[in-house]
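Presented sequentially are two complexes of subunit A, the first with subunit B as partner and the second with subunit C.
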Partner chain A sequence: MLINQPKKRYLNNYALINYSLKDFRAGVRFESYLPHLPGYPDRFSGTGIGYRYAGYYTEILDFTVGNFYEQFGNGMLFRSYEQRQLGLDNAMDGLCLKFRPTAGVEIKAVYGKMRYNFDNGHLVNSDGLVRGFDAAIDFGNFYNLLADSKFKLVIGGSFVSKYQKATNPAYIMPQNVGSYGGRIDMKYGKFFLTGEHVIKENDPSFDNKYIFNNGHGTFVTLGYTQKGLGIILYAKSIDNMSFRTDPNASLTDLNINFLPALTKSHTENLAATLYPYATQPVGEVAFQGDVFYKIAKGTKLGGPYGTEINVNFATSYRPVRHTSGINPADSTGVTYKTNLFDKSDSLYYRDFNIEIKRTLNKKWKVGAKYFHFDFNNDVNLVSKESHGMINCNIAVLDVQYKINKKHSIRAEFQGLWTRNETVNGVTAKQDKGDWATVLIEYNISPKFYFAVMDQYNYGNPIESKRIHYLIGTAGYIFGASRISVLYGKQREGIFCIGGVCRAVPATNGLTITFTTSF
Partner chain B sequence: MRKLLLLLTAGCFSAHAQQLGPNVSGNVESTFQYLNADTLIGANQPAEKTVLK
Partner chain C sequence: MKKLFLIPIAAVALFAFSPTVSDETTGGKKIPSVNIKDMAGNPINTAEVSNDGNPIVISFWATWCKPCKLELNTIAEEYDTWQEETGVKLVAVSVDDQKTTNTVEPVVNAAGWEYDIWMDPNGEFKRALGVNFVPHTFLIDGEGNIVYSHNNFVPGDEEILYQHVKEISKK
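This part shows the complex of A and B:
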């Protein structure tokens, strides 16, 4: 007799084995999805080889055939990488060459298809082909031109194109799409300045609603560092820079490039999981400032061990799209014009945060953090229960106590408060209202750790949704291996790393993870 | 002295042989989940057909 019952067991396995002999290297990665963990791409299934390569590596020449990961510059034109926690893997399958004819010069060439699927144990690549070329000169090493100078300079340039027989009954789709760009990296004493500008030729796609505009991206970083002080300013302007091997792909599939997010990666539970920001490849103008300062030890403010302060501000806006004099219905398919760093007043995201950390004595360490987020949920959908801007404040207190040489305990107390909003005469907290999280960790160095965390939505406007998400974790570390056991509830939401996100379904149950390296 | 030189030479060749010899490295990661349906938080597990004797 057949019955329907909930599917309860999930298993993801990865085993990478590398072999090297003199200058020769080869490797394989076995993968299993039996079935895949919830939240992973539904296409992943079965057991098989998901990554294999062979190559020859010398000081002058690297040569890889098969799968490889590679990046040009910041990745705005080309980045092939794996982010397993997101279920993202766009490994190239083809040929990668790196040629270093003289010190300070590196030339890279890539040719191949991108990983798209792992179907019943078989690796499935994109139909589209990716071809790329990158060259960089480091003048510090190139004939020692700047070897004795305080000024350091690296310049580079890339060209990437894709080819796919794309058919669309409504449009004449380009089969080849080219992109190109240049970058510069300068240092003088304690200052540094890096910049990259890229252009992508017209590339109608699902992401840009099949317009024929060119895309562009600019990323600039300016910094100053010295002992106890670091100041870094970032600026980014991108428009229409979604670049995939298949124009009809979406989500995290078949991305040729990577657009860095201009926000700080938060690690605190509420700040990291409730309103995480995702890069907007269709277009955004973003800025970030980051200041680190350590008040010297032995001073009144610094205390006996010094006090660390970090202030961070990040913001992102919709770019202005000029439509004057443009007929979006004409044969060019160009629907607007944009200029670099031409931002509108339409706010996508704003994050101000400050962190103060201090070691009080040999036993106690404390840290306090404050965050303010203005989050546009219409652009970056994380909550189905809210529309428009969500404004919230978060406070975190982190206390650590070292019991003895081996035993220590850490506690984190967090609160998140959303703004009151009046809709149709009814005043209520925005989105899911207020949250609190308590985390307690106990470490027995170097082998064991235990933790309990409760994320509680105590201020949800709907009483029945005031839920405790309680999770317990234990871990054992032996040599290069670790086994961890987690039991509890996980909230439905969006999980992001570096501005790339995936939806995480709600779960309740047991997770056992084993990792080792050899 | 001769013995010392022999030992040093043998040591050098041994180190050289190790560097040129085959090397295997890698990593393993395994994640198992056993999940329950929880209607309170919307954790729905898809139904699957199971043979019941």
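This part shows the complex of A and C:
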């Protein structure tokens, strides 16, 4: 019997070659997908040049022709970047100019199309065009206006527009979509305050279900920092801010802007792979607080090397959409109104976590971390087996022992427990139930590491799904090259194993990674 | 019935080749010229990094990267001695993006690191040096040549790095 077997061998290959001579720099990146790894955009195929540029870079002028990555302010209007391990790449293809006429002033201009695909060895760009302009003045350096002051001030503004002859049989689509915003960064002694506000003009799209509302976004950060202590408070309010070069695009395609999620980037296996929160571009009101404290070394509480504590709280809500006095069927296409930081009671996400790390002596380091997540799976779909709010607790214990100058061993023990919930008279653990992860890593400096990790869904309400995600990995580092071999079943997330961190797609089988730079 | 198990194999290869044609006098690979900012917001041209002819360590890190922070914390315990003995300077380049850039300064201050901190939120300097994963550490000699690099951190690596620092130190 013939079974239609899925492809069993995959190869992603990248070679980046940079060349520089004094102020001139040029580069190309060859890419091969033979075929692409699972978890990458399905369209990537073949071998060819996926990125090429040439440019001239001096103190006064940066000039790039070809592909480039760039960001304005916080990226809420424009950010082109790559996260290659996950197949994300929205490189611009065109012209980028950065001009610094005098100290403290920077003017940027970008013009071009955006990477959409890599088909049969050819780079395929967006149909739509992106044009952007950004200027910032840093008064600390600008004619030394604030050079001797404790007060620092940077102000900036951006304008970004998209042009596409979009056609849609049902709507009259705008060809030009303009967006603009301003930002301010202030610092006074140990305090800092930054804010950015952006507006995007009407941009009916697949994401916003073809409404003609304007979008808006606000991002504010207030912080205090001194030796041994850091406190940061974040607030974000966005509505209808999905912005793509093609309004019909979806998923991770053709994003012009970047809306940072107000959460920590968790790297502990269970916290990183099960309930990761992503920004809701359609709209959210979010807050975060982050406190870093180091109990000084030599004190009774701090111990001989000091003790580090980090407390983090993040939360996100649905904005209130006011519809009174608005006729959604009228010719404007505007269907609701939202105000800044006007949140409803509808919770999208809540994350409280606390971490304590301590170096006991030259040989032992220990860390403990506790998380509580309230995760709205209807809004941020990560589990098809679940509905509504998932509540869970996670505990992590991380122990490291240095055997001698070269040999060390590290172990992580993690548990995740979801809440019991009664649905239709049946009480069961929410979603996939409880998990445990054990990671053991043996390192021989500077060349080798070996690790085994088992992520075990021991408490899945469905007995047949109590699966072990078991991986074994080893690495060899020689000079500026490293080769790692990983075998097993792995869930998507950020993995920090063998002394290096990287984002990984879900894999099953044998993965060989070779990296070198010379 | 015989069952044939096929193991799925996935391979990723990442090559980065960044030759820099330098002044005729030296001939080693140099730091490319990229315009970024330091933690205080001052403009930095990466090619102009200098330390009075003493060695420089450039370490790419992120606030969410545990091995990176382990490396920088481990070196911090020895940093005074390293500086006295060799005059070395460490530049820690944060690759945190906008999600976490604002936490860089509080993390650095809370940890009490005395390093120069540069910000590379969109990966420009990272790409120019062919860095794929963090941590990635480079050692630059007094003439600006890259003489050593290492792409991970496990306990003990700091001593190997320091041996290389001592080899090129003129102190």
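Throughout what follows, the second predicted complex is superposed on the first by the 495 of 518 C-alpha atoms of A that agree within 3 Å, B and C clash if a C-alpha of one lies under 4 Å from a C-alpha of the other, contacts with A are read in each partner's own complex, and residues count from 1 in each chain.
Rule of thumb we're sticking to: contacts are C-beta pairs under 8 Å (C-beta built on N, C-alpha and C of every residue); 3 or more make two chains touch, one makes a residue touch a chain.
None of the values given here were measured: they were computed from a predicted structure.
Touch criterion met: A:Asn74 reaches subunit C, while subunit B stays clear of it. When the two complexes are overlaid on their common chain A, residue A:Asn420 makes contact with neither subunit B nor subunit C.
In the overlay built on the shared chain, the residue A:Arg491 is in contact with subunit B alone; subunit C does not reach it. When the two complexes are overlaid on their common chain A, residue A:Ser20 makes contact with subunit B and with subunit C alike.
In the superposed model, A:Gln175 makes contact with neither subunit B nor subunit C.
By the touch criterion defined above, A:Glu308 reaches subunit C but does not reach subunit B. When the shared chain is aligned, subunit C comes close enough to touch A:Ser408, but subunit B does not. Shared-chain residue A:Lys8: touches subunit B and subunit C both. Contacts of A:Ser346 after superposition on the shared chain: neither subunit B nor subunit C is touched. Among subunit B and subunit C, the chain that touches a larger number of residues in subunit A is C. Judged by the document's definition of touching, subunit A residues 5, 8-21, 37-38, 84, 507-518 lie at the interface with subunit B and also at the interface with subunit C.
Taken together, the subunit A residues at the contact with subunit C in this complex read 5, 8-21, 23, 25, 37-38, 57-59, 62, 69-71, 74-75, 79, 81-82, 84, 98, 100, 103, 106, 138, 140-141, 152, 154, 185, 192, 194, 221, 223, 225-232, 234, 258, 260-267, 290, 292-294, 305, 308, 400, 402, 405-408, 443-446, 449, 475, 477, 479-482, 494, 496, 498-502, 507-518. Against subunit A, in their complex, subunit B makes its touches with residues 20-38, 40-52. On subunit C, the positions that touch subunit A within their shared complex are 6-21, 32-35, 40-43, 45, 62, 64-68, 77, 97-100, 102-103, 105-107, 109-112, 121-124, 127-135, 149-157, 159-160.
On the side of subunit A, the complex with subunit B involves touching residues 1-22, 27, 37-38, 84, 467, 469, 489, 491-492, 505-518.
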